[in-house]
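The structures come next, written out as structure tokens.
In what comes next, chain A is part of two complexes: it sits with chain B in the first one and with chain C in the second one.
And now, the complex of A and B:
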């Protein structure tokens, strides 16, 4: 099953600008993208339309990872997904240009979160990693036991097709 | 960015434990347990050289952690590369140097 994610260019730029902001101690910023769902003849389509950054005070010091955040951030994201019936994608930035890919740590974190989110909100959930001009997604569909193949398209000028994952 | 064999050999003369690694289309050089100039605290640590333009700097040298000494550095470059956290201070080095020269020019800020 192929999942398509369409990001409007203006929305993508908002994400990059926000995620590139330095934090007092975290090495990366993290946020949540919320998306409406649709179905096309090719498969599920996610249409992100809302972004919530993790609050500065919700980051936890941990030098072993780029960013660690507390349960308050997860709870807030989960509540929004439930209240708005949106898919929730954890998002962060890899600060370079071109195609990007998830690290082992990224996959582990996203898989753990997506499992929890799917148990409470039966929708596709997962993660999104951006570069300065591209994006890749890792999506778990409800009732699937592995992530589905996903591709992000940044719609606008110029339109950009990200690398398919996994 | 391709590096010539003699440039890498020259670098290894100063920093024997050098490894190249690519992420996001950029080739980084990891210098393990590199000795830092006298007076630095700690005296050695892993360094990561980005020989390409990044964050408005022609090249950047990243440190595995912030140095306690010297204390006057403007640490302004936190990043995560190769599954590790790195810190960099604001220091501009002229472009076009060989790898060994580039690192020495960055380390000059610590003297």
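And now, the complex of A and C:
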């Protein structure tokens, strides 16, 4: 099933600007995007409309990965997803231009988070990775045993299509 | 086949990929919509959502691109004509076609990356903009009209308007307003013959096609704000509407940023 994710360019710019800020020790920043759900005749449509960065103090030192965060950040994200009945996508930035893709570590982290989020909030969840001008998503639908094909569109001037994943 | 798009390669290294990826919704396959279908197909747009409940009539043949005398005699659906034009150029094209008013089956429109409307009424435009805004789809409207104020010759004019989520809407820029909608409602059922001509439809559709291409390829690197163009067909001039300059830097008050997705109702 195809999942479409559509976000305004202004919202996308907010994400990039925030995630590009340096952190005291983490190599990259992480945040959470919360999305409303809708339906098209071809599958689910996610419309992100809220962003929460992971708080500085919730990062954990770990030189083996770009960023690691503690359970408080996950609990807060889960709580918001549940309270607002929104899909939750973990988001981070790959600091380059053009199409981008998930690393093996990204996929592993997102798969673990999304499957546990689904158990408590029966909605699509997953991850979003941005470049400076594009984005791609990895989405788990409720009751699916693998990620669904997803495509991100940045709506605005110009409108940009990210690479389909997986 | 490999060099089909060579002459438009100046649009950018990734332009053809974007064109082939984009899903275009066309609401109304009459004078304007039929030109759009033909031009978008030539460009290589390969995914369509089409709406038109009407059949080809003899009176359409003065402007309906792709339609034939036989289509009118057989009252062939306008959708079938559009599909024939598309498949003749792009055998693998993906078409979701609906012979209904879009309001009766709106879900497919939400899947579009851009919608172009060739609608007759202001109310239809208003409703389509609400749908496009809720699901974050850019919407381009084209329209044409003729006014006759004796003893002057007829004045034919049209417009091309782009409504982009997050930017000023049709109401913000003065294209739609409550007075005109109310006036239209009072004339319900008395629309008259709706004068239309092929060259004016073609010009408006061509400009709209150019906007679609620019939107998804960014080839001009200059389309950065809503568009409201007026066409004076008597003089053959297209100009930006003066109202646009007053609205372009203002936030839209009619479609708040958080008013997206499925409509919800909160019990009182």
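Going forward, the second predicted complex is superposed on the first by the 166 of 166 C-alpha atoms of A that agree within 3 Å, B and C clash if a C-alpha of one lies under 4 Å from a C-alpha of the other, contacts with A are read in each partner's own complex, and residues count from 1 in each chain.
Here, contacts are C-beta pairs under 8 Å (C-beta built on N, C-alpha and C of every residue); 3 or more make two chains touch, one makes a residue touch a chain.
What you see is a predicted model, and the numbers here were worked out from it, not measured in a lab.
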| item | value |
| --- | --- |
| Fit or clash - chain C, chain B, common chain A | fit |
| C-alpha centroid angle, chain C to chain B via chain A, nearest 10° | 110 |
| Touched partner set for A:153, first chain B, second chain C, both or neither | second |
| Partner chain(s) touched by A:22 [first = chain B, second = chain C, both, neither] | first |
| First (chain B), second (chain C), both or neither touched by A:94 | first |
| Touched partner set for A:45, first chain B, second chain C, both or neither | second |
| Chain B versus chain C as contact partner of A:63, first or second or both or neither | first |
| Superposition-derived comparison: chain B or chain C, residues of chain A touched | C |
| Touching partner for A:104 - first (chain B), second (chain C), both, neither | first |
| Partner chain(s) touched by A:76 [first = chain B, second = chain C, both, neither] | neither |
| First, second, both or neither for A:131, with chain B first and chain C second | first |
| Minimal inter-chain CA distance - chain C and chain B, angstrom | 14 |
| Common interface positions of chain A, toward chain B and toward chain C | none |
| Contact set on chain C toward chain A in their complex | 18, 21-22, 96, 107-108, 110-111, 113-114, 135-138, 164-166, 214-218, 223-225, 257-258, 260-262 |
| Complex interface listing, chain B residues touching chain A | 23-26, 65, 76, 78-80, 83, 85-86 |
| Footprint of chain C on chain A - complex, ascending | 4, 6-10, 36-42, 45, 47, 49, 153, 155-159, 161 |
| List of chain A residues in touch with chain B within their complex | 22-23, 26-28, 63, 65-66, 94-98, 100, 103-105, 131 |
